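Structures given as structure tokens follow.
Each of the next two complexes has chain A plus one more chain, namely chain B in the first and chain C in the second.
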Partner chain A sequence: MDADATIRRVLEEHGRLSTPATALATDDDLYQRGLSSHASVNVMLALEEAFGVEFPDELLRKSTFQSIGSIRGALAGLGNAVPPA
Partner chain B sequence: MGESSSHESFRTTLLDRRILTATDVPGLYQRSEGFEAVVRGLSGALAATVPEGPVETRYLAPVMPRDVLEDSDYVTSFPNLMGVVSSFLGGEGDLSELRRRVGSGEDWGALVDPTEVALCSAACHQLYPTLAGSTVPDEGFDLQVEAYCFRHEPSEDPARMQSFRMREVVRLGSPERALAHRDQGVERVRAVLAELGLEADVVEANDPFFGRGGRMLAADQRERALKFELVAPISSAAPGAVASANYHEDHFGRRFEIRRADGSPAHSACVGVGLERVALALYWAHGLEPLDWPRSVRSRLGLA
Partner chain C sequence: MTTSDDGVVAPSLVEGEWARVGWEVGRDVAAPVADEVDRDARVPREAIEAMRQRGLLSMLLPRDAGGGEAGVAEAAQVARVLAGHCASSALVFAMHSIEAYNLRRHGTSSPLRDLAREAAADGLLIANANSEVGVGGDVSRSIAAVDTTTTSWTLDKACLAISYAEASDLIFASARRDEDAAETDQVFVALRRGDCRLETQSGWDTLGLRGTCSQGYRLSGPVARGSVFPVPFATIANDGGGQVRQLLLSAVWVGLADAALARAHAFVQAAARKAVGTVPPGALRVAEIAERVQGARALLVAAAERFASLEAAGQLENLPFQMSLRTLKVATSSAAVEAATRALEVCGIVGFKRDSPFSMDRIVRDAHGGLVMVSNDRYLQDNARTLLVAKHL
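Right, the complex of A and B next:
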């Protein structure tokens, strides 16, 4: 499973979105798609578990989780974020 | 009162004068008749300033259905502050162990279990479930509410009680009307405080959300300036929050399915006053004997 698919799976399970996560464009605004502040925390924690990473404090903000693209960018910046096999 | 920036001397004085009586648990106090008269006067003064026609007022129990902690997200956002009521749910057969532990002074906490009841987290939280499934007008549906609230944060600072009263006005409606309520509410409360001789400043604030996820929520709350506090000296020269005004966006509307006429989730805002904190601020500002407070203050509190 690649990183993108994993991100979509996490969003599907924890995002409570109005659109199926598989149908989202990479740059769709997740908050516009119904992602609440509290759900974004659950998404953040689930991403950490799925990718085996810990987001540093400076990334603990809602903008990090604004879109699939921004999540992918943040994970790539963490270096050790590897898509699970 | 004193110049000390520490709350310790003020606490000692309050206890010596029996304005408050301490218990064995930090942050739990018994109130004197005089203190209670100030709190009730303040409650009445605040009620009298709520504008715009008839507003339903509800006085709430200090406990609520435990589900409310879940539905309001309090249990995940503030797990360290919440309180759940436990009781002995075992049968007669389990009682002997409870008796034995109590008799021998052992800890018996593990023998009780959480019930369906929790301590009130915030006065407004109790309202939303009673409005679930309803539709509110865009101009706003206002409710006034007062309840004993609980925060598990033991402290020797009398400003930080574990059990205290919160009086709030809550509005559900359009985003614009919710925001207007928050901003006008701050000024309304500030004006009442000014009449009571308290000069309160408005500052941006965030809730003490728990943990790393909480940091995200707090940063967001501050970035978008959702919450304001009115601060004034309470138990020391250092200002503390006596009131807060919070725009929840559609958080509660969505969770409790409270809708606007167009079917979208209602937005909400609450403006809450910590009654004990304001009462303490009055003792701090005007002295320990309410009989000696300025006539205008006494009259505003109905003490004259």
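Right, the complex of A and C next:
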């Protein structure tokens, strides 16, 4: 499963979005799609588990989880196998 | 440094020009009517007028708009010294100052800069209408939306509480961006109170903090296009507004703890002067209260310093810091209640009486407001959730 598909799966399971995660564009604003601060913690945890990474504190900000693209960029910066956007 | 002459606040802790002004407003204007404000549950209009006259309402507004552009730490000092005299006045100052800071930091559009100039020139009082019936106190979601379907935009919102709404000049409110927006897609808008309709939905007959008049209202009125802040509400809440809120409200709780300690201290000193050569039994209790209050003071000062350095570095959105601010609020509000209760025990029956100089009446009741406005349990729950992803506590 590629990175985008995994991110979408996590968003679908934990994001409580108003739009199905599979129907989101890479740069769609997740907060405008209903991602709450409570749900975003669950998204962070599930991403850490799915990708085997830990987001450092400086990445735990709203802009990191703004879109599928920004999440992919953050994961790529953590040095795992995610290709940059 | 200001000399304490009414036995309320320890003088060595009141430093700086803004704090001196706050102290004078507290002593000369807020304190004399504090009991009446409390009894009648009315807004402390005399203190508000004095804060307007003495520049406290504009101290956080930008200098180029005519404000004082003071630091948040200085505003925290003002809230703290006011609290010892009248907690309701201190809270009005604190809640207004949160919005003044939001206007300074995020009101960067030309119409909002004009509004800041007007606010500074006329000493406008800003209230807040973020809370909403139906979202359970979670201000990161809104039900009400800005109605953009007609030429003139409007907002109609059922607010859980708008403190001192009827004394305010401006009301800042969060709302969904438009009728189609998700609950989390929020904007922040500045309404003119005089243009709005305020329909009272619930009263404010409370145990303490009675002068904030935080009644529930249905708020409706026109939304000028230029009054919509240029950044999403989430940015305002995460990048400054939320942090300033915790700091300034915590300062009020520290001020109440200061006042409780000072009263118990004055009581045992009076007892000591009547029986020179013996240490009054209450003195040991006062030493214990001081330990707790000193801790709360140090937490506040450290948080204010950390805020200033993160603000200067452009790093206010910082999860561990936001957690530590929630902890600050829990710690300071708990300290205020504990200090007030134990100071009551020290002062005994004269502390229990409402007409004695050592009366702990308002302090005990007001301090309990700190536990529930916002509830400490909610903040601890937020921290419990956040620490699952934060890497450093």
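Heads up, the rule we're going with is that the second predicted complex is superposed on the first by the 80 of 85 C-alpha atoms of A that agree within 3 Å, B and C clash if a C-alpha of one lies under 4 Å from a C-alpha of the other, contacts with A are read in each partner's own complex, and residues count from 1 in each chain.
Methods note: a residue touches a chain if its C-beta (ideal position, glycine included) is under 8 Å from a C-beta of that chain, and two chains touch if they have at least 3 such contacts.
Bear in mind that the values here come from a model prediction, so they are computed numbers and not experimental data.
Peer 1: Touch check for A:62: first (chain B), second (chain C), both, or neither?
Peer 2: A:62: touches chain B and chain C.
Peer 1: By residue count, is chain A touched more by chain B or by chain C?
Peer 2: The partner with more contacted residues on chain A is C.
Peer 1: Classify the contacts of A:52 with the two partner chains as first (chain B alone), second (chain C alone), both, or neither.
Peer 2: neither
Peer 1: With both complexes overlaid on chain A, does A:36 touch chain B (first), chain C (second), both or neither?
Peer 2: A:36 contacts both chain B and chain C.
Peer 1: For A:18 in the superposed arrangement: first (chain B), second (chain C), both or neither?
Peer 2: Only chain C; A:18 stays clear of chain B.
Peer 1: Which partner does A:77 contact after superposing on A: first (chain B), second (chain C), both, neither?
Peer 2: Neither partner.
Peer 1: Considering only the touch criterion stated at the top, classify A:44 as touching first (chain B), second (chain C), both, or neither.
Peer 2: After superposing on A, A:44 lies in contact with both chain B and chain C.
Peer 1: For chain A, what residues appear in both contact lists, the one with chain B and the one with chain C?
Peer 2: 36-38, 41, 44-45, 55, 57, 60-62
Peer 1: Which of the residues in chain C end up touching chain A in this complex?
Peer 2: Chain C reaches chain A through residues 138, 140-141, 177, 181-185, 232, 234-235, 238, 317-320, 385-386, 388-392.
Peer 1: How about chain B: which of its residues touch chain A in the complex?
Peer 2: Where chain B meets chain A, its residues are 73, 76-77, 212-217, 219-220, 223, 251, 254.
Peer 1: Would you mind writing out the residues of chain A in touch with chain B in their complex?
Peer 2: So the residues of chain A in touch with chain B come to 36-38, 40-42, 44-45, 55, 57, 60-62.
Peer 1: How about chain A: which of its residues touch chain C in the complex?
Peer 2: Residues of chain A touching chain C: 18, 29, 31-38, 41, 44-45, 48, 54-57, 60-62.
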